[in-house]
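Across the two complexes that follow, chain A remains constant while its partner is chain B and subsequently chain C.
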Partner chain A sequence: MEKRLVKKDELLRIVKKVGAEFNVFAPVRVEDNVLFKSLAPGEEPLLTFANTKNAPKGVFFPRTEVMIRYVRTPKGTVLKGVELEARDAVLFGVRPCDARSFVLLDLLFDQDKYKDPYYVAKREKATVVTLACTPVPYTACFCTSVGGGPVDGTGSDVLVTDIGDAYLVEFLTPKGERLVKYFGEAKATAEAENKKETAAKEAIEQIKSVIPAREVKPILDVSFDHPFWDTIHKRCLACGTCTYLCPTCHCFDISDEMKYDDGRRLRNWDSCMFPLFTKETSGHNPRPTQKERWRQRVMHKFKYYVDNFNAVACVGCGRCVMYCPVNIDIRKIVEDISKLQQ
Partner chain B sequence: MQNPYVPYPVEVIKIVTEVDTKDIKTFRLAFVNKEDEERFKYLPGQFAELSLFGKGESPIGIASSPTNPGYIEFTVQKAGVVTTALHEMEEGTMMGVRGPLGNSWPIEYLEGKNIVVVGGGFAFTTLRAMIQYMLNDGNRKRFGKITTIYGARTPGLLIYKDELEAWSKRDDMELHVTVDKGDETWKGREGFVPTICKEVAPSAEDAVTVICGPPIMIRFTLPVFFDLGFSKENIYTSLEMRMKCGIGKCGRCNVGSKYVCKDGPVFSLAELDRLTPEY
Partner chain C sequence: MEAIEKKLREEAKKLLEEKKVDVIVGYEAGTLPLTAAPAFVTDPSDTTKLVWNALCVQNLAKYVHDVVSQHRNAQKRVKPENRTKKVVGVVGRGCTTRSIILHLQERQYTREEIVVLGVPCRGYVDKKKLSVLLEGQEIVHGALDGERLKVTTAAGDRIVAVADVLADNCLICRFNNPVISDLMAGEPAPAMRSDEEYDAVKAFESRPSEERWAYFEKEMAKCIRCYACRQACPSCYCPECFAEQSRPRWVGIGEDASDTQVFQIMRIFHMAGRCVDCGSCVAVCPMGVDLRTFLKKLDKDAYELFGSRVGASLDDPPVLSTYREHECEDFIYNP
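Let's turn to the complex of A and B:
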């Protein structure tokens, strides 16, 4: 594995050089938010930030995207073209939790049968450069409970770790190694690697939020009808913030819109928190109240995804915890489930 | 990479109004491209997304059998945006079809067994596909005795009337058509499907039931079959849920960890027992 040492003041210049050749996505300050977005010409990425408010999954699975274009003709409305564009892209400054979300989303979108071509095309063209969390950004962070870690390279092609006086840059995959040339000639020293190990250990110790994320699975297996589900949803506003900010939520809607004779079929993020999500034309709704919708959200992340892919569909980024307007805390829910009496 | 979201272009070549209320029609569709028809290899029980550009998509069970090549059929009730637009279409119109999707009736498991087909109302569509499939000259001997019990509220609400007439004349299947309430011209049976099932009392020996209908019919019919000795492993039904992608990605049609679109829509009662009752 190639490793390089990069001086602190060099990194920004490197990102700019990469940006001359690739479409770079990175954390950028936009008004009061830090957003993960495409770098506009001249726009500078943030090198010190906690995490972006939006999850970088949007690069591969945008909030809204055109799937198909069509046109109205005298014989009916017919296909005009399929929108499957993907450019070489570099995602710079992804946090390890969010990088891990890509691996979890791959399990769903990149299955043997039925690959999702829109997701896969963008994902294959992208190189993920992750900035390790030294120090850990939030008290709500709980990545270590769901299989990740603040200096974990899962889902990353390049891992950049701040080791105090410099960055240690590790090129983890062949895709990542294509970027070595931008990072100078200074090879990583044993001292630098030791510093990284120490920083990683310290970061893990900084994470105080620990939840039994894997352990609740056997309890959820037998708790579908447990009265516990009556206790968590009542203050939920069904705003969908938790699902829209979640790096692993993947539900979407497909809708059509026409203007004059031209039309397009779009996919938009959808949310299991919304009443209409499962409502059928007949009026029947298999998840009629917020109770069933909350049960679905928790079950999907901590049971169904484990059943189907042997992975918990949560990366412990803490976004849903921090931004829920009524302070519903998934960590507490999981903790409470682990103590349920059967 | 194949794009599962792009529908095959098809032409509406025949429209049949099935019921006297005129809100259920059967659409016969022909593929514009021969190679698309070859790619669209399906079995009875599968469904497809009927795709109307500018309106949207609707998941509908395939009502025809692959033993009748050259076209596919869908029987659709006028209900929402897409199905209303479909009902306004005329023969010769172009539209799209995405599929085939989902599993099918368990054909391999059904082979060599006696088959009891129970249908109610317009949920008879993929059952009709299954019957057509079994009655096909080349297929008939692969299955044992075929008993069909089909009911609707009134004679005018029975679908596939000509076919029911033709089936009633065959000696290689038993057909019982019933209506909740007949009219002055109705000469057939009267009574609810569960009652007729009890009267007909098909033997459970080497037999499998495939059943589709309104929830209320299923609720009262299942106990009849349990009494007749059918096990949960030998009763199959097909579920409906709101769907979008049809390929297990958009996340809305799951029952427990199974997606109705991808892992279903056909499940045995034994399989449903292992899932959550959320449908």
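Let's turn to the complex of A and C:
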């Protein structure tokens, strides 16, 4: 594995150089928000930030995506094309939790049996350059409870760690190694690697939020009708903030839009928090109130995903905890479930 | 504030014990530093968790409407002779009671179905203003100490005056004491700077239309269509929102800029003469969209053209559901 050492003031220049050849996505300040977005010409990426408000999942799974275009003719509907083109992209400054979300999304969108061509096309063309969390950005972070870590390289092609006086850059995959040439010639020293180990240990110790994410699975297995589900949803506004900002939420809704005879089929994000979620054509909704919708959200993350893929569908980024407008805290919910009496 | 909180808890407990209400909708401390969250208390012994302070943001009238309408829907499946009435107690500050008045006038529930525990209000803390003041640093610890916030961030400890981070709508609030109440916890709060109520809107109005439209486009570009604004709004209670109707579909659900603009314009116009300026939509927005400038403009129009302030009194009907012979008609005859 290639490892390089990069001076602190070099990194920004490197990102710009990469940007000349690739479509670079990076954290950018837009008014009061830090957003993960495509770098516009002349736009500066942020190197010091906590985490982006939106999750980078949108690069592979956009909020709105055209699937096919068609045209209505006197002889019937004619397919005009399937949109599968993707550009070589570099995702720079992804946090380790969000990089891990790509692996969790791969489990669903890129299975042996089913492959989602739209997701896979973009994912295959993308290189993920992760910026490790030294120090840990938020008190609400709980990545270590769900299998991740502040300096964890899962889902990353390149892992960049701030070791105080420089960045240690590790090229973890062949895809990542294609970028070595941009990062200079200075090889990593043993001292730098030791510093990284120390920084990683310190970062793990900084994480104070711990939840029994794995432990609740056997309880959830037998708790579908538990009265507990009556207690968490009352204050929920039924907005989509938690699911839209979540790096692993991936429910979608497909709709057709027509303009005169030109039609396009769109895939849009959906949210289990919305009243329209799973509403059937008949008008029946198997999840008629916020209670059932909340049960779905918790079950999907901590039971169904474990059943299907043996992984918890949460990376512990803390976004839903911090940005829920009415302070519904998934950490507390999981904690409470772990204490349920059957 | 402590005295008000104590009184509030006592009164809430008494109401529940005497079975005068089935549930109290109030606020409790949140799990994050310097937050409070809506709370639903049914057990008299739980009333100790109720709080009332400058961190209580949400307009609770939204939840009153939710609880009543859910109960009424559930009652439809019960034989008429077995149907029960549910009485909701609500911690009501000025804007909350204005929304309740609007609900009563729009016949969403009856006065007998609610008990208002009035609280004086000195405004609430705008989390975004606080965040800007702290230069985006995360609040690790925080405590509210009278009129000051003691905040700890990675940069160290800091004292912030509550007055410096009050929400814009609170600074110019005209109704910071309950308009209606069954009980009052505490003495009325001093008036805010209501004479400046429309200053910001007037400044916005005076800008050329291109600039105003550019501002609207810029703000709406931030919207991610999570609908938190609509969901938090007490005046947005349609059982089915036009944005979710599919036959026909009035507005696309994707990220097309014009769809987002149409959704927001429609929602804002549905607030004409119905917005109490509680600031909930702005407070809950995860992306920091400025909805208030546009809503306040409609509020100003409703007042200047029709002399009406929504929820100012139970006897003053909502401007768009009434007609007076000599009211403003210029916009019809001389548009």
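Definition applied: the second predicted complex is superposed on the first by the 342 of 342 C-alpha atoms of A that agree within 3 Å, B and C clash if a C-alpha of one lies under 4 Å from a C-alpha of the other, contacts with A are read in each partner's own complex, and residues count from 1 in each chain.
By our rule, a contact is a pair of C-beta atoms (placed from the backbone, for glycine too) under 8 Å apart; a residue touches a chain by one contact, two chains touch by 3 or more.
Since this is a predicted model, take the numbers as computed values, not measurements.
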Will chain C clash with chain B on chain A after the two structures are superposed, or do they fit? fit
For A:Ser255, select first, second, both or neither according to whether it touches chain B, chain C, the two together, or no partner. both
Based on the superposed arrangement, let me know which partner A:Cys272 touches: chain B (first), chain C (second), both, or neither? first
In the superposed arrangement, which partner chain does A:Val103 touch: chain B (first), chain C (second), both, or neither? neither
After superposition on the shared chain, which partner residues are touched by A:Ala86: those of chain B (first), chain C (second), both, or neither? neither
Geometry row: CA centre of chain A as apex, chain B and chain C as ends, angle in degrees (steps of 10) is 90
Name the contact category of A:Ile204: first (chain B only), second (chain C only), both, or neither. neither
Touching A:Val180 in the superposition: chain B (first), chain C (second), both, neither? neither
So, does A:Pro325 touch the first partner chain B, the second partner chain C, both, or neither? second
Nearest CA pair across chain B and chain C in the overlay: distance in Å? 7
Identify the residues of chain A that lie in both the chain B contact region and the chain C contact region. 253, 255
Considering the complex alone, what residue numbers of chain C touch chain A? 30-32, 35-40, 58, 62-63, 70, 128, 131-132, 136, 138, 140, 154, 222, 224-228, 230-232, 244, 249, 252-256, 283-288
Given the complex with chain A, which residues does chain B contribute to the contact? 1-7, 9, 52-57, 79-80, 83, 92-96, 240-242, 244-245, 247-257, 262, 276, 278-279
Within the complex, which stretch of chain A touches chain C? 30-33, 50, 53-54, 62-64, 135, 137-140, 234-235, 237-241, 244-245, 253, 255, 257, 266, 268, 271, 274-276, 289, 321-323, 325-329, 331-332
Spell out the part of chain A that touches chain B in their complex, as residue ranges. 67-68, 70, 72-73, 75-79, 82, 84, 108-109, 111, 114-118, 120-121, 224, 250-256, 258, 263, 265, 270, 272, 277-282, 286-287, 292, 296, 299-300, 303-304, 307-308
